[in-house]
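Read from first to last, the chains carry the letters A, B, C, D, E, F, G, H, I and J; within each, the first residue is number 1.
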Amino acid sequence: MLFKVSMTVRLPHTMPAAEADRLKATERAIAQELQRSGKWRHLWRVAGRYANVSIFDVAGNAELHDLLLTLPLFPYMDIEVEALCRHPSSIHDDDR
Amino acid sequence: MLFKVSMTVRLPHTMPAAEADRLKATERAIAQELQRSGKWRHLWRVAGRYANVSIFDVAGNAELHDLLLTLPLFPYMDIEVEALCRHPSSIHDDDR
Amino acid sequence: MLFKVSMTVRLPHTMPAAEADRLKATERAIAQELQRSGKWRHLWRVAGRYANVSIFDVAGNAELHDLLLTLPLFPYMDIEVEALCRHPSSIHDDDR
Amino acid sequence: MLFKVSMTVRLPHTMPAAEADRLKATERAIAQELQRSGKWRHLWRVAGRYANVSIFDVAGNAELHDLLLTLPLFPYMDIEVEALCRHPSSIHDDDR
Amino acid sequence: MLFKVSMTVRLPHTMPAAEADRLKATERAIAQELQRSGKWRHLWRVAGRYANVSIFDVAGNAELHDLLLTLPLFPYMDIEVEALCRHPSSIHDDDR
Amino acid sequence: MLFKVSMTVRLPHTMPAAEADRLKATERAIAQELQRSGKWRHLWRVAGRYANVSIFDVAGNAELHDLLLTLPLFPYMDIEVEALCRHPSSIHDDDR
Amino acid sequence: MLFKVSMTVRLPHTMPAAEADRLKATERAIAQELQRSGKWRHLWRVAGRYANVSIFDVAGNAELHDLLLTLPLFPYMDIEVEALCRHPSSIHDDDR
Amino acid sequence: MLFKVSMTVRLPHTMPAAEADRLKATERAIAQELQRSGKWRHLWRVAGRYANVSIFDVAGNAELHDLLLTLPLFPYMDIEVEALCRHPSSIHDDDR
Amino acid sequence: MLFKVSMTVRLPHTMPAAEADRLKATERAIAQELQRSGKWRHLWRVAGRYANVSIFDVAGNAELHDLLLTLPLFPYMDIEVEALCRHPSSIHDDDR
Amino acid sequence: MLFKVSMTVRLPHTMPAAEADRLKATERAIAQELQRSGKWRHLWRVAGRYANVSIFDVAGNAELHDLLLTLPLFPYMDIEVEALCRHPSSIHDDDR
């Protein structure tokens, strides 16, 4: 089941650079693991902003929530979720 | 070059059903042709709304605009465009 | 899988009363059938507005979309969907 | 009398983890007690956000306010209240 | 139980003057009857707009909704409802 | 002359409890004095929020501003003012 | 007593030109009469929009409302009212 | 050339009172000097808010910007600028 | 003096194609004449929308307004104006 | 390929003046270098605000993002990007 997830990161300016770097490194590792697992299907940077547009492919709402909660940047992100479904005009098998 | 395009369709309630059907059939044919050409990379329905989330892969802003203009539903759609680029944490080759 | 769906109905003032009545009667019949099936778990009127707050319990995004599309008032509604999941503090078994 | 209450929690990033944990534990205890009493009829997590959608069943506006004030996270929440009433198409006795 | 209700009237410009006059006359009669009954506690015009701010004193959400539905201008109004309760600093007995 | 004033209080989480208590006690005393004087005609709590809806009856815009400035919570409030006038359908003498 | 009033005119595209011209001519005559009376203190066009920014100097909210109601374009305008008062740093006697 | 400028002041609650007082005193002195020069034509307080509505009469956009930059409260203000021009219905010579 | 002007065109769907074509042809002719005169310095299409971003170089607010009023699509456009001035970091002589 | 980029700078009031000055000096040097390279085609100050309107001419979304990331004020800016393309009515060769 697919969801479009838009994440905008707002790190406090007072966060020490070392802590920010550590958070980002962990975030990156988890994001790549989730991509390898097929759960995080697409991940794009929004040009000009510290934000991404993502497509998740999960078993349901609960799994989506649990995955997002594992992200170390979760407390610093504005997250918008849109439930997607197959478009009748899509010809791509994996746009399920 | 990738763009996320969100389209919300607002057909006037006064449009005759036959005209709406004709517009939608043409829209569908063009959308599928653009998908086959690789320009319209992904197309999803937003659950509960007459709207889609799409990913376009085009040569640039001008080609994106020209493609969208060919859609017969263009005059009836609210369209939002976000320029995307490769995310440094993406592991998918085609998330270019 | 649960979704909160907020529907606001905006019938055109030009719609003949008989057509509006017919649409509403069909809407009501379908809504009640969906409630009996367990798909439409809760349905409340928002005080002072021609709008409802609903909870759907469906297999996934696609089923939610397909059900909403069967509603005859669908073309006249603003619909907002929020994906829900079990709250860790909930004690109600059916708040799944 | 039913109310839909949407709560979004925004804990300051400067709050010590121990204090946050203590607040959340107390919040959870009170939330469960209110659920057992029947006042807090439903409690769902919004997927991807530190937020919930809730249904309260109380004697009136004053009781709703007093209950929400007892929540230790109240000062850190954006709260939206919508007064609900029975929908003429509802078939559920407890959607009163 | 008190509610603040804000109503903004948007009559279609195509409505014949006679129909508008008839609707307004009925609206006025009902509004005055509801005021006499004590249900519609206060009614003020917003300066410079075809809108009012009102205070209703009703048994609950359902009665509020039923009363508003009886207004002939209901289909032409944007209505916002806010549930009120006694303020701990109020000294007015009837700000209940 | 009547004004509807909506006040939402946002105390900084860093304010010591003693200072907050002192501000609130003074606020309460001034609010009650203004109510006794007839200037602050109505004062209601908005259910579920640290906010009030108020009706002021003052000589004019300047007096309204001067009164609000005397409130110790003024620097911590979002305030919205709407100028009201008698509604032609009002039957209450004091809805002047 | 001063008010800033912002008016945006939205004439329906279906209004016959002759009717629009007649409305505008009457509007102009009334606006100029109100300026001569001193009630409509300032009137400026917003560059690039069919809108104005105005300053009214009236006895109170009721007079402001009554004056605006006499404008033939009133039903076609979005109107925003802000109550003004003398600024402590103003040196202009007529910024009362 | 005229501009309507709306300024809302948001001083940080952490600013020491002495610094705030000093900033306000300088602001007041500069504002009055600009009024004497004829550049700051009107200055009104918005009732109930720490905000003003102003009319500037300057040689152009650049002068407007340079004047606003000289205000010591500039870093703490939300500023909205609207370019004004003579209204065809204005009868006031100085509404140029 | 420079202004950024954003124009979004919303032609009524009921406008006959011939009338729309005539309006657009006249609009184009006037737009090109204004560009040749140097008043309309830049004109870009916004990708995916019937909208443009423009830079005008005019004597002042009044000339800007008068030029925009000559556009036959003016009644069908949402127009936003931002007054620009030279940026201290600009190295382009014509970014005056 | 052209993009309109709107940047609004929000420096924290707690940033020491020396750090702000250093950031601004570096920002200015980079902005001028990018202008000399032809990538940052236009740069204007928005009158009355610490904000700019810019036109970038880059190879694509990725280059735009990479350039903006090099700005030392990037973490303190709200940035909006609009993809532009040649307008069919433009007569300027460099409005490409």
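The working rule: a residue touches a chain if its C-beta (ideal position, glycine included) is under 8 Å from a C-beta of that chain, and two chains touch if they have at least 3 such contacts.
In UniProt terms, the chains line up like this: A, B, C, D, E, F, G, H, I, J = Muconolactone Delta-isomerase.
Small disclaimer: the values here were computed from a predicted structure and weren't measured.
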Any chain in contact with chain C as well as chain H: none
Interchain centroid distance [CA atoms averaged], chain B/chain E, Å: 44
Computed distance of Cα centres, chain J from chain H, in Å: 27
Contacts with two or more other chains, residues of chain D listed in rising order: 2-3, 45, 47-48, 61-62, 64-65, 81-86
Pairs of chains, among all present, that meet the touch criterion: A-B, A-C, A-D, A-J, B-C, B-I, B-J, C-D, C-E, D-E, D-F, E-F, E-G, F-G, F-H, G-H, G-I, H-I, H-J, I-J
Complex contact set, residues of chain C against chain D: 2, 4, 27-28, 31-32, 35-36, 42-48, 52-53, 55, 82-92, 95
In the complex with chain D, residue positions of chain F that touch it: 11, 13, 45, 47-50
Footprint of chain C on chain A - complex, ascending: 1-3, 60-62, 64-65, 81-86
Residue ranges of chain J in contact with chain A within the complex: 3, 5, 12, 15, 61-62, 64-65, 68, 75-76, 79-81
